[in-house]
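This is the structure I want to talk about, given as structure tokens.
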């Protein structure tokens, strides 16, 4: 029997047929790239170039600012045209470095140099990963080197490689596993080496049998790595759910996977780690699925960071019937009002949707569907009731902060209530309230 | 033993002070807005009722009631019936209750100031809470004439405690309902106390169902 | 209650008493009732004893308890609490009027901390505290946006509060600095002084007490508390470039610097494409109002005169 996580979950229409047969394609660098210095969770990087500077491809243009921070590299060679304060799609205001491509494709010093993968120490791997600016590429964009350096008091005994790709529409991880199985597995071995772990499981959902075959073939000589086929269920790609499904361990609320001895990495991250270690290639491009009913030629692309979404839409052809643009998958992605925003390290997909269901939120029916499907066993209905009444002091007790905003409840709600949006708002409210409480205590 | 269990169930459910006898409605409506507050109020009422029952029994038994253990009868002798000071019941009981409430108030002010602030005026109002006075008077009526003083005392204290427990039960139920009411779309004219009274009335109707418990 | 022993119970016929200097001694108190003799001890003495004894006992008990559970309470706290308005609006930044009273007595808040109470309350509190209250100017909340007719740039389907909408790309309006229009400010106003008129907030300055709740509630920070005597305000906060602002909003500040040039008191500056007033210097002369090409700067004088809240009336005629 195939494994899956224990509680909750839903089955949204997969819609992967649009792009799953499209081989990965490298996108030519655009005229202009826009690189926000904050593409990850943690402190924004510090800009170290000035307007007018000439930069080479792979050159550091913003350096890490603290431990939970990563540098940003130029994804093209050319001249820094401007540095502007703009708002990222996630609502963070930070420096955006705009580089004009000179078309020369000059590589910065040391970038692209081959390195012997078998001969690097764990310490070296961590340093390379940090300097390459690699973050978790499943969407959360958490700096990878932090996840490779667990505290000494928490021994790690298992690495999970996340090839689940449970979001509907998205297929770039699928293609990556299929086409570059060897590289992905090599990246996984580097992760295991950096953590000093002997055992790894690669989790793949049953709707990608070809990727499963490819990964099994690539790991057949390696006793420490097994590949596991999982029942298709959303949100299996979420860290805690994947740990439950593959290792049968439950991460308690407010704790991290490393508290149960597990580290989870995405296949695209493993691939990026391999590229960084073997070819000294920093993270300057990433796989992106451009799909949806509004796209004429859905595709899986390898896109230089900083390319604008508009360029991708023009390249793949966008239908005038498009009503909604979403960055990421349809469940957890963010709708964006205009396409002039760059592809960043956390962008796994661009969706152009033509059919948006009529959206008329009604009152709560108290059917309990949201509670039934919540993979974290959250009391979604209770949360929303408290949030609507503005009872901020109750939020924490209702585990509002533990919600990962997977959208399962919103998907399942027969009354079409924007539950996740309520929770997002509650998190912001709670943060403001806590700050106020702290301030009050001081006076 | 079954006597005592029946007595407890009867005073908590069948003859609940708030919902069957309609005593002590002031704090019931006033302090049932939040569960945390009503727990504090319930605990205070349980304490005052139990203690008041015990102390009033002692006062009644040794000083007021025309029984053979009446101190004045022992000291001065004469006719037992002539040593009947029960006309003092009301004033003496108020004295006892007021003292106990003062004690609780001082205790809360020192030990749990937030609860003291939250209960506000309703805390001193327990003094005039008819449920407390009611339980004390009811005790005398029900058990004052029992021959065995031990049994009389035990039942009195149990009835006092049960009365408090019944109060706590319904104020907790009520505050749970009212916390939910806060989140619902109540017509503006009914917001606040009116809808609370309607709920209390419905709860009282529901509690009438317990009246059938005794007859089977 | 009292068992009948004769025809008249309180029918004292005679009694004798001899009072010595220090004690009251009742030597013979005889009560003559028609049928038989009854001594007063029977029904007067025990009640006195009961009440006296119990009173003494409980009094002592409470005395001991009050020593054990002693809490020092400053009498000024309750006096200040009485002086405060008691609406618990939270304008002082504390939990309520009770909390403010405590804070004032403990010295962590000023006597003028209650903004809605204004000068009169400040004077009362200052009286309790034995200090002189500084003169406070009456303030009102001023909305720094006038963009009633700003179009949407996307269809917003989420939770209909400004706070939630602002989390999504800064709200659905074309101008990301201006009013979103879901009325978070009107919802929090405890004085019924803010209303949504056609989806845009309007301050009723006659009712506004400058409690500052709207200032906190607005996710765009569009409200400011400004003394009532200041009559000229910029109704825009957009830091977008002039062309961008103009595209989004007909009444937004385009940063043309005309106001900066015309101001005789050097009270207006253009910073980041937006006119900013220095209210210390501004005399509300209204010259910039006439110059402003977009009508962003507005003179509140006529409106406040009509409402009768300006010029500010004071009891003793002083300004």
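Going by the order they are written in, the chains are A, B and C; count residues from 1 in each one.
Rule of thumb we're sticking to: a residue touches a chain if its C-beta (ideal position, glycine included) is under 8 Å from a C-beta of that chain, and two chains touch if they have at least 3 such contacts.
These numbers were taken from a predicted model, which means no experiment stands behind them.
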Think of each chain as a node with edges to the chains it touches; is that a line, ring, star, complete or other? complete
Contact counts by the stated rule: is the higher one at A-B or B-C? B-C
What whole-Å value do you get for the distance between chain A and chain C if each is reduced to the mean of its CA atoms? 47
When the C-alpha atoms of chain A and chain B are each averaged to a single point, how far apart are the two points in Å? 61
Distance in whole angstrom between the CA centres of chain B and chain C is 38
Can you list the residues on chain B that touch chain A in the complex? 180, 182-183
Where on chain A is chain B touching in the complex? 385-386, 388-389, 391
Hey, which residues of chain A end up touching chain C in the complex? 87, 89, 91, 334-338, 359, 361, 418, 421-422, 424-425, 428-429, 439-440, 443
Along chain B, where are the residues that touch chain C in the complex? 59, 63-64, 72, 76, 78, 81-88, 91-92, 95-96, 99, 102-103, 106-107, 109-111, 113, 117
Sort out for me which residues of chain C touch chain B in the complex. 1-3, 41-42, 46-47, 50-51, 54-55, 58, 61-62, 65-66, 68-71, 98
